[in-house]
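Shared between the two complexes below is chain A, which has chain B as its partner in the first and chain C in the second.
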Partner chain A sequence: MTLLKRQFIVNGCTNEVEVSSHETVLYLLQQRLQRDDINGGCSRGDCGACTLLLNGEPVHACLVLAAELTCADVIETAGNMTLNTGNDRHIVSAYQNYAPGVCDFCRPGLLISTKALLSEMPTPTDERIREMIAGHLCRCTGYDQLVEAVNAAARAISEDAA
Partner chain B sequence: MTSTDAQALVAGVLRSPFAHARIRQIDTRKAEAIDGVRAIVSASDFPGGESFQQSESGHNGMAGLFRNVIAHKKVLYEGQPILAIAAEDEKTLQAALSAVDIEYAVLPHVIDVQKSMEPDAPLLHEELVTQGIKPVPSQPSNIAARVEASSGDVAEALANADVVVADEFTTEALYPGGIALPYCQVDLLGQDRFNVCTHRDVPDDQGSLIAAMLGMSKEDILFATGDGNSVSQSEKRTRRQNCSTAGQSVCLEPLALMLARKTQQSVFLSMSREDVLMATAAVPGSYISMRLGADRTGRLAAAEVVICMQAGAFPGGPVQQAVDAALASYQFPAFRVIAYDVVVNRPMVTHSQASGAIGVNFALESLLDELARKLSLCPLALRKMNAKQSNTLHDPGCRLAFQGIGASIEAAESHPHLLTKLEENQGRGVSSGAALDAQGNVSYCTHICDVEVDNETGQVEILRYTAIDTDIDGQAEDCDVQVAVTVGIGRALNEAYCFDENGKLKNASFRDYRLPLACDVPEITVVHSGDSQRCGSTSSMLPPLAAVANAIADATSARITSLPMSPPVVLAETQRQKWKRRLRR
Partner chain C sequence: MDYRQPLTLAEALTLLRDAVAPVHLLAGGTDLVPQLRGVNDPTLTLVDLKRIKELSEFIIRADGSAVIGAAVSAQTLKTHRDFKRLWPGLHDAAALIGSRQIMSRATLGGNICHGSPAADTVPALIAAGAMCRICSSDGERMVPVNEVITSPGKTCLRKGEILVSVSLPARLLRSTDAYLRITPRKKMDIAIASVAVNLTIDESLCVEQCSVALGAVAPVAFAVSEVSEFMTGQRVDQAMMARLQRTVRQACRPIDDIRATAEYRTQVAGVLAVRAFEMAFDRVAENSSRDQYS
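After this line comes the complex of A and B, so read on.
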């Protein structure tokens, strides 16, 4: 089997690994790089648990091939957000305070999607928030807590900016 | 889910590709010869399983539980484990699983509960004789048990009733679990002593059962819950509920333990999403026939209920739970409830989260709505009039009498939700529920649901939802009710396991088995009725199904009696109603 050498950045650190052509970014991060801040629940892009930022855009890591990565690619996982810097701290704190019901299996992907949403739309409507959350399956909260958490994060970020 | 221990062997399970088949021969020689394969286990490796294997019928649960963990001579549903392999890496494991040769004799299968009760249905267990019937039947069948509760002369009460409403209801089997994938890691603590870390809390009785399967002392197996910090309080409660009854959740631990025992090495075993949907315990589906009789004022006189419940492949469905809960919230001077525990070629079922009461609550609350419609009564007033009062004695022949539903109905009557005006194609439904949770607490609730039905597509949109629940303060508990309602709405509108003509699950992914999304549900208003002696949210699982059905009936006059109420079902029924109205002109 041909292995391809790939270089990319994860949470600010450069990684250089050999990947096989069928390997997904989820497999690479979880199994090869032993990262515990990303979870896979379906391998088909259905559940949203493996959402990460690839060059600032939210993607399902289970649907992106590792072989597609280039040295210019920057990956951000939820582990980076828990460092509590910048707006990330408001998002992490909002989930802690307003969505305590959400489990750690789904939370990393939700944090990432929230970050992506709020960077694109600082004051989203409830409808837009529900559209964003619709990419994530959740059996722990019934979704209302998640909407509250995103709204709280948006408020905190805007107050901070003011 | 991956192991955090790079030294652990990777394990996998070979599952049945058939719904019903005899295993003629298993040849593992090619798999064993693959470099890196460390152990293969099948049913014959379990010393404690011998006693269970003696019983072909699998009655009383123990044999069924063992055979659900690993098939012996016969497979009874698609996805049933046949053997497990531990290998040094994932690639070797997959090669080994592919290299196992199994010769099957495929048998006719039966998925539908009514077909399974027919005299000529394919028999799942050749020695299964119906319990609860006297004299004991001389012939085996797929009916594992018959349970009955009755009081008074039902036939006479129904004959004398001013109004009788009757219908047949069908509910499909459902996925009860969450998003995280099950896993089990076994590590060695010493010579033949193991630490087992899993996705769930393993209760003591299940620990004993697992040890018995392996022929080990329970003291030699230490169970720890994995990711103790990674689950929410609500999920921890759900886990406790899931694991507290009947041991249905035992699936991975015995296999991982046996592999670790054989290899004397750490083993990590997990399930894929497809495996989870295909082979883990489901909420049972059922067929229910129900008749209610009442006088002109709406006072209930009698109820006659027949419940045919899918037990899955092994006897032991929650039929007693269904019988106990069927009529427990309302006062019936005469009643008769009969329930059948019926085996079918599906995975075994769960007893948790009032799973036995879901179907019968849907039927009862739908018929109460029809009764109110016939008598031109307010559906809440009809329910309140018939609710069991606090001084009501337990009904003779019935183990439960839920005596607190009236408070939640009263709270619903005064809730501002009822003042919201409805537009064209919109309807409002109410429904109540009561249930026992795993801790033995009874919880009560009444729900109000507004829907809009698209006349052209049958699509149902939930506009507003209010859950008047028992008294709990704090966000986490509100969240529990919201979870229960969201799950209930999903079950009402979308969720169902679908099988093809070969008994294979057609929707073994979350793309095809559609859980409710954030955009499918509105903000769910939770109100506490103020009765502080009761707690829990198990009851909130029950009303959404009938609340949605009653709201659809209010919007369209179409009474839907089979779940899920997906757009094609709603469209067909609304068009049938339109056609009937046209004929009457």
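After this line comes the complex of A and C, so read on.
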């Protein structure tokens, strides 16, 4: 089996690994790099549990091949958000306070999607928040808590900026 | 499986020409990557097309004509301001493809070449009169979008060919488009029926040109050619809308499946056609009055 040498950045750290042509970024991060801040669910882009930021764009790690990565690619996972300050801290706190029911299975992906949404749209309507949530399956919250959490995060970020 | 990432179109076409084993073309990968899960065929070659310039370019000219590379993502189409203004129907179709994460990756070329009868962009492209540029190492050909998909999951692409880009014609004065679909869920679902209308109105508010295309109500998306025959040069009234609805329903050849019955699809396609026409008509009127006072 041919292995391909790949270099890329995860949460600010450069990684250099050999990948096989058929492994996904999810497999690489979770199984081989042993990261615990990304979860695999459906493996076909439905559940949103493996959402991460690839060069600032939210993507499903299960739908991106590790072979596609180059040294210019920057990956950000939810683990980084819990350590960060600023807007990331507001998003993580809003989920803790307004969506305490959401479990650790869906939360990393939801945090990433929320970060992507609020960077594109600092004050989203409930409809836009629900559009974002459509990319995630969450059995714990009934979804309303998630809308409240995203709204709370948006408020906290805008108050901080004022 | 052998992964190749050509940097030029010529390199990709040579790879395809010389391939002896099966080749899969990878663009966004939203359909292909799950299909490849568990497949570890050493003879298979995966050709990633995303680094090729011709497949990534997105050009909109002043006259409204456009060239969209096959690897341009749905999110790029959704966020392009000029594209939304000039091709609102095609814009709306691209914006409905899937979740935000899917939008980042899914490509226009993938939406066409996957060959789904319910692909959102395909009816809008057919109504717009879009042409596909298909290249091989022997040359290239331009094929109308409605001839690219031949049956569910099948395209007219021959061995060694790549869909490089899609061209949209120039926008005429007082013309626009609209796309509507019906799904059980608003997002993350597949159309039960979809309708695209591309419309040009003359100064006296008569129809100058109208094309209507349907998705998810036949094995492949198609244009309802009878519509332009009875609409051209006519004034828009209730009788015309009733005839549009009737003609669209007669053109439907749907199936019963888990999402809807054939009868429901037929019924709803007629309703969507009238709504999409009215939406396009209102957009033209709105644009005309804005131009008048600007």
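Couple of notes before you dig in:
As a working rule, the second predicted complex is superposed on the first by the 161 of 162 C-alpha atoms of A that agree within 3 Å, B and C clash if a C-alpha of one lies under 4 Å from a C-alpha of the other, contacts with A are read in each partner's own complex, and residues count from 1 in each chain.
What we mean here is this: a residue touches a chain if its C-beta (ideal position, glycine included) is under 8 Å from a C-beta of that chain, and two chains touch if they have at least 3 such contacts.
These numbers were taken from a predicted model, which means no experiment stands behind them.
Once chain A of one complex is fitted onto chain A of the other, the partner contacts of A:Asp46 extend to both chain B and chain C. Once the two complexes are laid over each other on the shared chain, residue contacts for A:Leu26 go to neither chain B nor chain C.
Judged by the touch definition given at the top, the superposed model places A:Glu131 against both chain B and chain C. Of the two partner chains, chain C is the only one that A:Glu57 touches; chain B does not reach it. Touch criterion not met for A:Leu118: it reaches neither chain B nor chain C. Of the two partner chains placed by the overlay, only chain C lies in contact with A:Ala67; chain B stays clear of it. Within the superposed three-chain model, A:Ala94 lies out of touch with both chain B and chain C [touch as defined at top]. In the superposition on chain A, contact of A:Leu4 is made with chain C only, not with chain B. The intersection of chain A residues touching chain B with those touching chain C, taken from the two complexes, comprises 43-44, 46, 131, 134, 136. Put simply, chain B touches chain A in their complex at residues 1-2, 4, 6, 90, 177-181, 227, 229-235, 272-273, 475-476, 479-487, 509-511, 515, 517-519, 521, 523-524.
By the touch criterion stated above, chain A contacts chain C in their complex at residues 1-2, 4, 21-22, 24, 43-46, 48, 51, 54, 57-60, 62-65, 67-68, 113, 116-117, 131-132, 134-136. Only residues 1-3, 5, 26, 28-30, 33-34, 36-37, 39-40, 42, 46, 48, 50, 75, 98-102, 104-105, 185-188 of chain C touch chain A when the two sit together in their complex.
Across the interface of their complex, chain B is touched by residues 30-31, 34, 36, 39-44, 46-47, 49, 100-106, 126, 129-131, 133-134, 136-147 of chain A.
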